[in-house]
Amino acid sequence: MNVIPDNFLGLDAAASDYRKARYAILPIPYDSTVSYQVGTRNGPRAIITASQQVELFDEEYKREFFAAGIATLPPIAPDMAGPEHMHEVIHEAARKVVRDGKILIGLGGEHSISSGLVRAVLGKFKRLSVLQIDAHADLRAEYEGTPYSHASVMRRVVEMGVPIVQVGIRNYSLEEHRFMTRARLAPISVRELRENPDWIQKAVDGLTEDVFVTIDIDGFDPAYAPGTGTPEPGGMDWFQVTTLLKAVAMHRRIVAADVVEVLPLPGSAQTEFLAAKLIYKLISHIEMNRRGR
Amino acid sequence: MNVIPDNFLGLDAAASDYRKARYAILPIPYDSTVSYQVGTRNGPRAIITASQQVELFDEEYKREFFAAGIATLPPIAPDMAGPEHMHEVIHEAARKVVRDGKILIGLGGEHSISSGLVRAVLGKFKRLSVLQIDAHADLRAEYEGTPYSHASVMRRVVEMGVPIVQVGIRNYSLEEHRFMTRARLAPISVRELRENPDWIQKAVDGLTEDVFVTIDIDGFDPAYAPGTGTPEPGGMDWFQVTTLLKAVAMHRRIVAADVVEVLPLPGSAQTEFLAAKLIYKLISHIEMNRRGR
Amino acid sequence: MNVIPDNFLGLDAAASDYRKARYAILPIPYDSTVSYQVGTRNGPRAIITASQQVELFDEEYKREFFAAGIATLPPIAPDMAGPEHMHEVIHEAARKVVRDGKILIGLGGEHSISSGLVRAVLGKFKRLSVLQIDAHADLRAEYEGTPYSHASVMRRVVEMGVPIVQVGIRNYSLEEHRFMTRARLAPISVRELRENPDWIQKAVDGLTEDVFVTIDIDGFDPAYAPGTGTPEPGGMDWFQVTTLLKAVAMHRRIVAADVVEVLPLPGSAQTEFLAAKLIYKLISHIEMNRRGR
Amino acid sequence: MNVIPDNFLGLDAAASDYRKARYAILPIPYDSTVSYQVGTRNGPRAIITASQQVELFDEEYKREFFAAGIATLPPIAPDMAGPEHMHEVIHEAARKVVRDGKILIGLGGEHSISSGLVRAVLGKFKRLSVLQIDAHADLRAEYEGTPYSHASVMRRVVEMGVPIVQVGIRNYSLEEHRFMTRARLAPISVRELRENPDWIQKAVDGLTEDVFVTIDIDGFDPAYAPGTGTPEPGGMDWFQVTTLLKAVAMHRRIVAADVVEVLPLPGSAQTEFLAAKLIYKLISHIEMNRRGR
Amino acid sequence: MNVIPDNFLGLDAAASDYRKARYAILPIPYDSTVSYQVGTRNGPRAIITASQQVELFDEEYKREFFAAGIATLPPIAPDMAGPEHMHEVIHEAARKVVRDGKILIGLGGEHSISSGLVRAVLGKFKRLSVLQIDAHADLRAEYEGTPYSHASVMRRVVEMGVPIVQVGIRNYSLEEHRFMTRARLAPISVRELRENPDWIQKAVDGLTEDVFVTIDIDGFDPAYAPGTGTPEPGGMDWFQVTTLLKAVAMHRRIVAADVVEVLPLPGSAQTEFLAAKLIYKLISHIEMNRRGR
Amino acid sequence: MNVIPDNFLGLDAAASDYRKARYAILPIPYDSTVSYQVGTRNGPRAIITASQQVELFDEEYKREFFAAGIATLPPIAPDMAGPEHMHEVIHEAARKVVRDGKILIGLGGEHSISSGLVRAVLGKFKRLSVLQIDAHADLRAEYEGTPYSHASVMRRVVEMGVPIVQVGIRNYSLEEHRFMTRARLAPISVRELRENPDWIQKAVDGLTEDVFVTIDIDGFDPAYAPGTGTPEPGGMDWFQVTTLLKAVAMHRRIVAADVVEVLPLPGSAQTEFLAAKLIYKLISHIEMNRRGR
């Protein structure tokens, strides 16, 4: 019985052993602060299933990269007592992974999970910055009665004193605009991507040496990632996102990441497949550039 | 422009005016304690849409009943701070309706909403009992970190000192079984329905004069109500449920009700249509029997 | 290349040759008077595809019946100038089939198509009656601006002077109730089916010697035929419908039929499969009983 | 109970009051001349629901624009007597809105609705021209038995003496080609968009001062707007469409518009979300440029 | 991190340890001989996921039964060289489980898998008989070019010299009818179930002491199990099937079983949930009756 | 009854008569070696249905091309004895078409069908080369137990001594990479398409005079063709593919083609519509360039 192991990329025991792995995939099937399209709780399971169809050979670098070790952790059970409790549960789980020296990769679930992850990584990397690829600013003070909402997650990160660089943003409120002005945040819009050839350099310049990459899948145009809750038109494409990640991997040290807001659609694996390939691409970029560090 | 008003049953202004209405429909699009199949938050909207296709003439009684007045309230906005906060929000909204002298009919959403509704009705009807049509006992002390879970809602009701009669139950845990033994609860299973011709009498006998009817749509067999989160086989059919409701309406006073756990499926309106017709049938039974009271 | 011919039941050239066939299947993919759930225009195609999986051997009679000849006609192209035009187009097409001496079996499409079919059959069989299996009475004077609506199709039939027997009806308006009283129509409800053991005899007694059977698929409970526009709970099951058809075939002469309001659901062929099998069952019943006639 | 009002953009009473509003959204859930993929009748409801997730702050202009007032009218009830009757019903409804001095924005529904809207607007703005963004020319003399078909709507407009400019067209018949030659119509194809940097200027030059913008959502490539009946490959993207609209708003006066042929797909809100955002973007462009007029 | 283990019923390590388990669940995600509705390869995964929502407490017996040990094996990887190869692969895998003394429970996948399983069990239990719950006889000599087709699986079993009892059968060919006559097979049809109160006794009488139970999910009426390839109307219900299984468990020794032809539908878990509960019910019946044996 | 004939493009008898046709469409609804997302067996039916909405007038060339004659053959019935048998069945069917002098156009089904088609065409055109548009190299020695897998189809073609040119490839294994190195194959990646303006010339240069074009629909980005089994991000768009085909048609002789791996999604015809239009576009390009040959 020659079966594909049920972990990220379908790796064998050696390549997915947590003790030896450089990367740890942490599934967080949680979406309880979402009030519009629901179902990102099914994202982690779908991404892992799709990843088992991703080729281990990277055709850009002409190499395989899984030998670095990529462990898949069991999913975090949802705590239904409310988002503040859930934030603590996520922080606890992530802190252990970071302490174990792994490069943590969270799988959402909704975007609210990122604040617990960033907080955990910040515990080790004091001069952390965050690269946010997203359609929405997520900078509200609070939303629908809670400060731990998906719509306020980056506000929480900013409050931790962590610099953020926002790319792909094309939807935010007047309140968020005012906060951005105060906080001197100037997101790189998709219009700017199309008009300013130096946008990648600008994004990299805004980051500190240690970077947490948070990718809300709706940063992509819905044409490429239709499976998400609020499909904002006018988004990024595959080449824009992966070229940016390559540049960040070359010029900075990516110490953790997450991919969130994947909402599997009935009958199509397009979005989860893109998410799975994106994560392996990110790992490939990190691996190719880690020598000198 | 001769359009159907967008309320329960699509009633005109006179028949749906809150001030004159005997019945008030309260939509509660909330499902944040659910961790398996999600989407009952879309239930109220779907039931109301489907209800606009329900005929106002009752072919059993050969009469129309909407003239009693059936108002549709705006939906309760979800409070994402956690289920305890949401319980309070629901209780507040329901209490106002009860004080206004309406027969309250809640539309879920997940089953956890019922505890707030029952608590509000109990504020006025001190000797209330609850008839629960359901596949699950929902008697856990708590579930996934919160006592306000859908899986513990009837435990909360029992703790209020309210007698409950459970019909259709076919799924509960050892813990719940032990609690039922202690609390002297003996649910009427579907097997009993099929074997004991006096099951309806037995159910009615367990109720006090003032009754709150809570209908988890999964009390029905999934053949009749496939749109729900945990479709338990071996359930009740349309005639069993409506005959029971008719008997309760004849022998007791139904002062409030809710229909919960309707999860609209893509492409089919079967479950929400059944729910809409069930509610109007319940109203018809109440109206036919209210004279003598 | 051993392929299934793309006609009803997937019959070979001999068994599906129009000239020799006793039965003619007429697909009518039309649903333009429908304003709620739309898509019955896809019914004929779906029924024909599903029929190719129906076994030609009837396990009740232990015989095959397709040798009588069952031709599948090309579908009638919709005429979008309005329902009155479409009624004429259907009548024209059906009249030719009837004149050719075929037992006509129409495939809907929405129920409005039946009036054109009945009118065509009435041209040949002057003492025709109609057996209507349906959830709705369809007796409105007109609906949404047209007398040729699906909701008024049986009113048109009654106006032709054709006696009708209605079975399974559980949804009609006060207006229709008043018309039924005037016209001395007393539909057999599903409640009566369950309580009156003589319901089949009663139905047969209401029919003349020559019978047109019109089956709105929503006469079935949605558990058995979920793919339809208005899924009314509390309907008939497979054995009730087929037993009734058997009795009619034994005691009367079925000269034409239709099956309407099949609305294919994404991902499930349940309803169209039932419809396909029902039609072949009807043919089997007719064939078994035609000797003496 | 802090709920989102159920109108376009979810605006409060002040911002959505018809009397004060500059814009009036008119939902027209009609698709009865369509014979292929059906369901655009569900478009208006889906666009309005999606619009309630659209941010009111425009990130391009760094301003909110809803204060101009955007009223949502009740949907026009379908008239099933045929497309000619429906054309009259739509014309009647639209004429009232135009007379009230509103900028009318129709929500389809199928494209046939535009002729009634254009005729109503032409009643006030005598030198109107129409900008048509579309995959199809819609210039047939008639189609499937009626001149009021979606496939002949622009022929009707041309017959009113109204100049039209067609952009994105990539599908038409020989008959339409011949008409275009006679009528000296030269649509701007998507190939031309990619090759001629002056295509926007060319489009604007073809328009008179007062412009009706009709957007068939299939003008977009199906990658961006998959929810439509005939998804023609090789279409326009978000930036091409919105840049064109911006130029028209700057150089001409947009006096009315419609967005048609949105066919909601199960499980995905991508197309209706794009449509909702497109309409608010159009309003933003109009508002930014109305001062000088 | 309190997570549900990803095995049948979500059992902890002790209860799912293969070495100690009395039962072994063998997933076989294979459907390559199917030519109509495809997707039963997704059945095993869906059943296991659904099983994690099944309550471990049996409300009929008021006991939990999982402590007997229920191990979930890794799924058999499909061998695409053709159905004969796959038959050998399945036989090999099953033989090992049987030799280890486990009660084997196969999860299909299509029905063709049963011949490999029965052959393996027959290796140990020489006087085996098979109880087949099914809509189809599956007795063809061969089908679409192979004797290892789903449509010929019971023919293969009969050729092994194993007595079979068929229940729920309502679809077979003339060829199969002739074979049944020759082989003196008389399936119990659903009509007989409804008319003959002794049908259960008759079924049990046809079985030897050691019984393999093969359940094609289409034995159920599609109302109860819509997720299957050929949804035959007029099938069995939950109580008919489970009462039969209870009787067989009381009077015979069930040594192995399988549940096949579950085809998960988009958006609904009804069928896989029924399958999961059915398997646990079967285990409960076996456990309650194993003492005396 | 003015109906659309049920063949590719819905052509009338004259234009679709096999004897006179220059092109023959061969549907091959087979997907039995696929183990991940299944359903491409439904591709041919869906493409043919969608093709009936494709306009016969080509707006690029301002001409109709169907008069060359395009016959649609009956679909090849699947042979379930295994992929090797199926390869022979396909080869046999294709050989006849080629011998009859037709330009063969196969409709998949999975990609494994191409080896049988290429082998048949090679029987006549001895110096054939193959242009492969695809996301995957499909160069494995064998896969899941068979050399006739979709994942090894181009390896089979290379073994026939046929030169191949691969475009759009972005996913292959280390094993395939090594084979490509040995076989001196250098696929044109999508990155190269974006960076090398001479990619089309390079592709054409690699082809011999007689060309078989095999288009795996996943060569397109999933944004344009979401309905496929493994939706690889970073793919080709409509203009890249059609411009390449135009160049090949101008500079070489296209003698056969296939379009494979179309997996129809529920509710959307986007992918099959693109496939249908692509085939007619390919025919248009061939027709425009055949004069000189």
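Read from first to last, the chains carry the letters A, B, C, D, E and F; within each, the first residue is number 1.
Please note the rule applied: a residue touches a chain if its C-beta (ideal position, glycine included) is under 8 Å from a C-beta of that chain, and two chains touch if they have at least 3 such contacts.
The model shown is predicted, which means the values in this text are computed figures rather than measured ones.
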| item | value |
| --- | --- |
| For chain B and chain F, chains touching each | A, C, D, E |
| Same-residue or different-residue interface between chain D and chain F, half as cut-off | different |
| Separation of chain A from chain F, taking each centre as the mean of its C-alpha atoms, in whole Å | 37 |
| Approximate Å spacing (C-alpha centroids) for the pair chain B, chain D | 43 |
| Multi-chain contact residues (two or more partners), chain B | 77, 221, 223, 226, 266-267 |
| Touching residues on chain D, where the partner in the complex is chain B | 1-4, 6, 73-77, 93, 266-267 |
| Chain C partner contacts - residues on chain B that touch it in the complex | 53, 55-57, 59-60, 62, 64, 221, 223-224, 226, 238-239, 242, 266-270, 273-274, 277-278 |
| For the chain A and chain D complex, residues of the former touching the latter | 36-37, 169-174, 176-177, 189, 191, 194, 221-223, 226-227, 230-234, 265-267 |
| Touching residues on chain C, where the partner in the complex is chain D | 31-33, 35, 38-39, 41, 77-85, 143-146, 149, 266 |
